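Note that chain A is present in both complexes that follow, paired respectively with chain B and with chain C.
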Partner chain A sequence: MTTTATISSNCPECDAPVSFDRPPLNGQIAHCPDCSAELEVTSREPLTLELAPEVEEDWGE
Partner chain B sequence: MLRRASIIGGSGFTGGELLRLLHGHPDMEIAQVTSRKLAGQPIHRSHPNLRGHVDVNYTTPDEVESCDVLFLCMPHGTAANEIERWRSLAPLVIDLSADFRLRDPAAVERWYGEPHPAPQLLGDAVYGLPELHRDQLQGASLVSGVGCNATSMNLALLPLARAGLIKRVICDIKVGSSEAGADPSAGSMHAVRARTARTYSVSGHRHLAEVEQALGDIDIDATITAIDMVRGVLCTAHVEPTESVQMKDLWKLYRGAYTDEPFVRFVADRSGPHRFPDPRVLVGSNHADVGFAIDERSGRIIAISAIDNLMKGAAGSAIQSMNVALGLNETQGLGFPGLHPA
Partner chain C sequence: MRLAMTYTRLRTEERLLLDSFESIGVSIDPIDLRSVVFDPTNPGAWAEYDAVVDRSLSLTNSLTSVRILEGHGIRCVNPVRTIETCADKLLTTIALHGAGIPTPEVRVALEEESGIEAVEQIGYPAVLKPTVGSWGRLVARVNDRDAAEAIIEHRTTLGSVQQGVIYVQEHINKPGRDIRAFVVGNQVVAAIARASEHWVTNTARGASASGLTITDDLRDLGARAAQAVGADICAVDLLEDPERGLMVNEINHSMEFRNSIDTTGVNIPELVAQHVVNVCEGAVSC
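Take a look at the complex of A and B:
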């Protein structure tokens, strides 16, 4: 019998759990299920997630 | 068995929304709808979207018979004068006016300028916002409606107030034209109202009384601006906190307050075009969208909420409160998710 362990870490923005069905790759992009933050896998062991650069919206003149 | 609901003063915007919601509610049927002005005429005279859906003619208030739920949609100051009569007609009365929102008679006189005609009943009425008073609403016989601007402030600030985090808050509120009701006024004519960004209440709006009652003694004010929108309230609350907080702290507070709430959603995305609440996507929906952020320079918290003023800010909350009071599924009849684009 085989078991599949869920791999997870926490969102650096809102602290929600972020899970992966299979081991993620370095540089892989994921999204937080709560705050939708775009997250980059920066380390596999230990699993570390960092905020990916975001696109700013600036309409000031 | 279906429960029968009647509406006193059903020709206005909130009356129309109540009719739309009751028509789609699997546990309810519409009994009578009154309008002195339109008595004898079909309700689609004032609610054209319901033509072919709700085939009821308006009656006069004098003809109203007993029913299970009676909604009062009359001008402020009218319902309270005959409240005993209305309560004799139904075991559950829900008054969407401001007459029973405040519990303190002195506060009524201070904010509305006149003494309350039935102050002995103020303590009996339950404020009809389930996010605040779900337990008290169960089995209630007299429920008040909510102020739309008050609801936007209450839902934006409730988690912060509970945590004692509000030292001072200023709410910048933008509103749609339907807040002014169905009767025309100098400010509602198209030439004045269209394409406007007109601040009409710079401070001291009377809905603040409902916020102070709900959230406690906090230092709060609001500025209300009419913008080019038919439905909707957008509240941007600038909070000077009592202590420094991080985003994770705010997420924890808001999750704690709202995770189990069926109609409160978090909108605080870091990317994409829909990062914060927008009332446009809530048209016709009972949802309240809530978001938050922190200004890193000052530590100020910015809490944002959006609602449809006729729904979560009036008829939607009234139906949700009715569901709770009657022991029905709280979300029954309120499943519409809104429109996009709207």
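Take a look at the complex of A and C:
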């Protein structure tokens, strides 16, 4: 079944709506279109966005 | 065939990989490592997987999960030996040297005084790097003894114990760019040049990338470097020395490629997905 409903939540930094063109997964990274904050999906139901954590020492390629 | 992809944050790369598996008709379960409790003595549901693709952004999480999964006999891409070797610049140097692959000269020391001697042996300018680290973090070019003394003192005084390992690399007078070769299944499938006015040419530090023709030298060195660290999939960073030609600088076991698909015209994630399938089907080994 496909859905045309907008999948969106609000930016925890500036409250602007952040929308997804398909259901996001936990841990998915998104950017707020208004304030450019880097966000992370921390829950799918209900869709919850939090500010993504700062880069940690052991992150990389 | 059952596949899983482990991750800690789902970036564009991970999403592209999931889409690529889907586009070749293979289902793959995305698993957020942060929600997992491992039993190192019992694979449990993990036993159902033919292979696990590690895409953790955190090196610690990669090493921990892949060590456990390999302990359960599950094929991981990349294998833990590859992750360990690529994550540690000293191990990379040893592996490259052992395979006869040209790489910049290196000295290693364990104390402040011997660290300065190591820099003097390499000569100025020299490059100081943490043995473990990515995206060009804390990489420093030292142009004279004063700078060497200051940086080494800071590292040994302010850094972790690991920062006390002084890894000094010869500075290669590269032509304002370095080269990244993407290797999948022991073949260089794409290459980019990363150019910057700054001497650090990581795209994470603002360098710009452009597509590059794969020369015979690049094809050969990239494949040999991947083989030297036992990588299924990796990005080999190379420097061009004006006299000695191409040298392998570093190898990345969990490469980023989102900005290299359009610039090279190569669908890197789809090649990765196909390679993982080939590994599972026994069509290729590493």
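Keep in mind that, in the parts below, the second predicted complex is superposed on the first by the 50 of 61 C-alpha atoms of A that agree within 3 Å, B and C clash if a C-alpha of one lies under 4 Å from a C-alpha of the other, contacts with A are read in each partner's own complex, and residues count from 1 in each chain.
Rule of thumb we're sticking to: a residue touches a chain if its C-beta (ideal position, glycine included) is under 8 Å from a C-beta of that chain, and two chains touch if they have at least 3 such contacts.
Since we're looking at a predicted model, the values are computed, not measured.
By the document's definition of touching, of the two partners only chain B reaches A:Glu13; chain C does not.
When both complexes are overlaid on chain A, the residue A:Asp58 reaches chain C alone and has no touch with chain B. With both structures placed on the common chain, the touch criterion links A:Ile29 to chain C but leaves chain B unconnected. Within the superposed three-chain model, A:Glu40 lies in touch with chain C and out of touch with chain B [touch as defined at top].
Chain A residues in contact with chain B (one complex) as well as with chain C (other complex) are 55, 57. Residues of chain B touching chain A in their complex: 247-248, 251-252, 255, 266, 268-273, 275.
The touching residues of chain A, when paired with chain C in their complex, are 24-29, 40-41, 52, 55-61.
Those residues of chain C lying in contact with chain A across their complex are 7-12, 15, 30, 32, 34-35, 57-60, 132-135, 137, 235, 252-256. Partner chain B is touched in their complex by these residues of chain A: 13-16, 34-38, 51, 54-55, 57.
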